[in-house]
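Next up, some structures in structure tokens.
The two complexes that follow have chain A in common; it is paired with chain B in the first and with chain C in the second.
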Partner chain A sequence: MTITTASPLASIARPRRRASMRQWTGILYVAPAMALVIVFFVVPLIFTVWMSLHNWPLIGQPSWIGLGNYTRMFSDARFFSALGFTAYYTVIATIAIFALAFPLALFVERQRTGVGFYRTVFFMPVVVGLATASLLWVWLANVDAGVFSSILRWFGITGRAANILATFDSAFALIIVMVVWKIVGFTMIILLTGLQAIPADLTEAARIDGANAWQRFTKLTLPLMRRTLALAFILSITGSVLAFDQFYIMTSGGPQNRMISVVYYIFNQSFVSFQLGYGSALSIALLGILVTLSVVQLRLLRVGDER
Partner chain B sequence: MSDAKCGMRLQNVRKDFGKVPIIHGVDLEISEGDFVVFVGPSGCGKSTLLRMIAGLEEVTDGSIEIGGREVTDLDPSLRGIAMVFQSYALYPHMSVRDNLGFGLSMANVPKDEIARHVAEAARILKLDALLDRRPGQLSGGQRQRVAIGRAIVRKPEVFLFDEPLSNLDAELRVSMRIEIARLHKELGNTMIYVTHDQTEAMTLADKIVVLREGRIEQVGSPREVYENPDNTFVAGFIGSPRMNLLNGTIAGKTIDIAGSTILAHAHSLEGHSAVIVGLRPEHLEVVTAEPCTLAATVDFSEYLGGIGYLYCQLADGQTVTVEQREGEDYKAGDRISLSWRPEKLRLFSADGARIRP
Partner chain C sequence: MNTAIKARRARKKLFGNTVFHGFGLIASFFFLAPFIWAGLASLRSNAEAQSPPLPPWPKNGISVDAYLTLDTFGAGVWQHTMNSLLVSAGTVVLTVIVSILAGYGFSRYRFPFKNLMFVLIIATLMIPFQSILTPLFIILAKLGLNNSLLGLTLVYVTLQLPFSVFMMRNAFDAVPREIEEAARIDGARDLKLLVRVLFPLVLPGVVTVAIFAFLNAWNEFLAALILLSDNEKYTLPVLMTAVRAGRLGAINWGALQAGVMVMTIPCLVVFLLLQRYYMRGLMAGAVK
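Coming up: the complex of A and B.
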């Protein structure tokens, strides 16, 4: 009796054990990655949320204030002006980067002599750290020792030594130029991979179909690069929204404090004013904004429904 | 279609890639409505030649005329051609309908007219049910039909095909081949077709162009290139299994092949000391030993049902393939004698050129 009931059970149990074995192996494989994500993203995130619900001075006891930090945000004019400036910077920087990266990608896509050289040259600034690049450009823009000032004077654009970083518009323009110089090679490489993924046959078929270069670009290249474009846009926009180094190093927040980006503002709140709780709340808000922006972009570029 | 006589004319067409010459002066005339097939070994320049006709590849030298019009430096879209690619090259982000109509919309044809042309092409190729799908949602055969449909919609004077069926499985190839033949009959256009496949070449072509290393070796009807090859290359390339090409030496008025003496029949051997004898496997017959037959030893035999092949060796190691429709079975090591009807023998000089009777 016991034997007859035991044998069917055993035959069921064996495959189940094998399935659970396989599950454990799977978990084992993803464990290192999971550990990294948990230690360096999930735990800090939870801790930041926790901090954001407190009044958390650098020294002294934190006190629970619930959503106080979040409600405070909505009446914080400086936060909104930081948001406004960041948005302005993001739009201008992204447009500038793409306006240059696309032609460059098209240029280095063709097999031409020296194409490897051009790719390397355009990509080189990418490997320089942003802070280092900022310092370099501050020096280049220096009133007395800088190169730009002498060049401007040489061409008669300015009469005397010009301080580019002294007014908002010229300082902003300089930062945009610096960022484009620094980032454009990276965006170019991303776009290049997208361009190269388009089979030559398609372009040739379109040529036979009578599409001119512009039509081929708009009707073939762009739609076929949707995923690549989404990636490039998200990286570029995220990078711009998180901009900090260049404003901190090059203009220290700019003439009349007009160059305070959101991250800069968070930095000020946290480590200058020591309001760590409020800084955390701002960080969470920024995270929310970035996630929303990315989701909207993926939707707009309809990544996912293809083929 | 002003000049009804001339579908296409290539004059001394050359192509260099960098410093490397790939096409060495091709002259070719194609009459309107002909189905012309380019065949040749891989890398011989078939695609390059086709792409030059399409205008996708620049011509280094020479001229191309289509329908009596010089098009050598004309944009591909203005040449009156349409091309079907091996990879289909359908626009993946467009519906079948938009794929078919793309060329017309680029030419600013009114929408209702595009719809009419698309509907007609869809009817010819039985694509009606698929018009709203994306290429990714189609089978290989359906994609190929869409690619052909896109060519039809352009109403070209000349259709160009670059190995259009090589991505399809064997069964589909046969049915698409028949469909292309039907299309040619129905539309009556000039068609140029590149292929590796002997069956496709023989069944579809009005005219076969055999290419080797950027040169035309022979142009002729399937029957001509098969039965009357101009040289050993064409003789060996067309036909499967390939023609036996046997080295022989001249001994007076006869030819000596590995110790067997055979007759040259109507051919004149004057001025030659060595020749190449061409005999197709299906023209060889196993006979009882007698003078003027070829002595061979069976290496191994294959029975395919209906026909069989004997792979034999001559005394000097040259190999001969024999097709057998009936008769007894032979085993490895059997000594046999081979004979043929005199008119089936093809003779070539030692450098490969045909010696005609």
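Coming up: the complex of A and C.
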């Protein structure tokens, strides 16, 4: 697609021509990647903004309504409850993942026989899809054909068969357990790379100076891992904010529609109600939230570097 | 005296090992149990499938009932597995080709707006694709690629590009220029040079890119759910929503376990066989 513009170059002097030939070869190499990114990313992104300024039904003519979708958004109670739920989920999931990933990272950091096996096993759920994991766990949690309710009854925790997915709190807890099972190996490996980057003689020196294990961890390990921690936090938070599969598959939006995440709400507006314009406006809001989160976290990270 | 200290040390070491492996094995059990449970339960006969899997293994002999029932959903499990394989293989091949070309271009050539283009490709990582799905749906329709596996594949390739182009540029950067110059003197040029001489040298990077492309395309759910509307085109995760929804209000749990296994096994096989390359990619991403 860029070849047509190459012809005027023929008139330019020979050495110049060689150089620009080489330039065009370079552009040719990156052209397929650029074309894909422009057609399937940049154009849709710009188009999202354009659509968000319209009332855009699936069939029929879109009509310009300016900022109408955005004013509607600010008075949309269901959107704010989706935001609230997503924030709640993000905080709980991130805390739960880190609470388990850190001990596991410390566990698999040790140089011992069998540690490679443990790393592999803890990581295995990560490579399986979130949709697959959700399907697997929705069966495990099923009241009649699943495992959990029978186990709970065995241990006498619940009297009769408990329907975990029937109430908000137990369904939410189940989803958190599933997500931790699925993701914790990933966070563990990220933290492990940070742990391994700490020079062994530093910890040794601290040990000789009489610092105990807890002091070494809080005063030495944690500060030295700031970059890794920030990265793991960014990945965990952005991943949680974009959660969809688990709510769609496991609870279909949950008891009393209380488990609608932001992406789920956009999905409903765009592809169930077919209000594509409003869905686009919501997408822009989501985009703004995520970019803000990333920038804030990167800023915090940079401030950490200067210290 | 000396032997007593030695004995105490040995006992301490034994105790430490027991605690270490005790914890490791218990934790491993929790991570593996769901897979094993579903795998064993999927081999039970239809009569057992609706009861709790305690014990998980089949009581009346191994049966493939669950997989046969799964085959009655949608256009048959083969069709949907082929759809998933087609999309994943297409994503792998296209991602590898496009990212090798781009990685080579960014590593070896100078051209206007080079850095801007590179940053643009990497910057798409910052923007969640979930937020552009609505217009993507309309743009694909305009291109005549709505409800098509090719359209879905192209979207997946685009999503893989930031990571893949970054990986491949680094891979080419690590190849010494002398090798290239020597090959050039021997008469190898441009694409021939790239395919014959450089490709084997960047192969580890290619494997990493291919693994991530495969796993992400095989597992992706939301884009497939939105962009595919025709029953016959569904990839496995979308098919499974039909199984999850059930028929006449009843869910066939055997079919669900079978589906979970069909989706899980390829991922685990790819990961276990090529773990080294997978971890390399993860580290590269983490260090960046």
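Simple rule for what comes next: the second predicted complex is superposed on the first by the 261 of 307 C-alpha atoms of A that agree within 3 Å, B and C clash if a C-alpha of one lies under 4 Å from a C-alpha of the other, contacts with A are read in each partner's own complex, and residues count from 1 in each chain.
The rule is simple: contacts are C-beta pairs under 8 Å (C-beta built on N, C-alpha and C of every residue); 3 or more make two chains touch, one makes a residue touch a chain.
Predicted model, so just to flag it, every value in this text is computed and none were measured.
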Just from the overlay, do chain B and chain C fit on chain A, or is there a clash? fit
May I ask you to name which of chain B and chain C touches more residues of chain A? C
Which superposed partner A:V147 touches (first chain B, second chain C, both, neither): second
Once the shared chain is lined up, is A:E204 touching chain B (first), chain C (second), both, or neither of them? first
Kindly classify A:G279 by the partners it touches after superposition: chain B alone (first), chain C alone (second), both, or neither? second
Quick one: is A:F41 in contact with chain B, with chain C, with both, or with neither? Answer first, second, both or neither. second
Compute the least Cα distance separating chain B from chain C in the superposition and give it as a whole number of Å. 7
Residue numbers of chain A touching chain C in their complex, please. 22-30, 32-34, 36-37, 39-45, 47-48, 51, 104, 107, 110, 112, 114-115, 117-118, 120-125, 127-132, 135-140, 142, 144-147, 149-150, 181, 185-186, 189-190, 193, 228, 231, 238, 242, 244-245, 248-249, 263, 266-267, 270-271, 276, 279-280, 283-284, 286-287, 290-291, 294
Of all residues in chain A, which touch chain B in the complex? 199, 201-202, 204-211, 215, 219-220, 223-224, 226, 306-307
Which bits of chain C are touching chain A when the two form their complex? 17, 20-21, 23-24, 27-28, 30-32, 34-35, 37-38, 49-54, 97-99, 101-102, 104-106, 108-112, 114, 117, 120-121, 124, 126-139, 154-155, 157-158, 161, 165, 190, 215, 218-222, 226, 237, 240-241, 244, 251, 253, 256-257, 259-260, 263-264, 267-268, 270-272, 275, 278-279, 282-283, 286-287
Contacting residues of chain B [partner chain A, same complex]: 54-56, 75-78, 81-83, 85, 87, 89-93, 102-103, 106-107, 134, 136, 150, 154
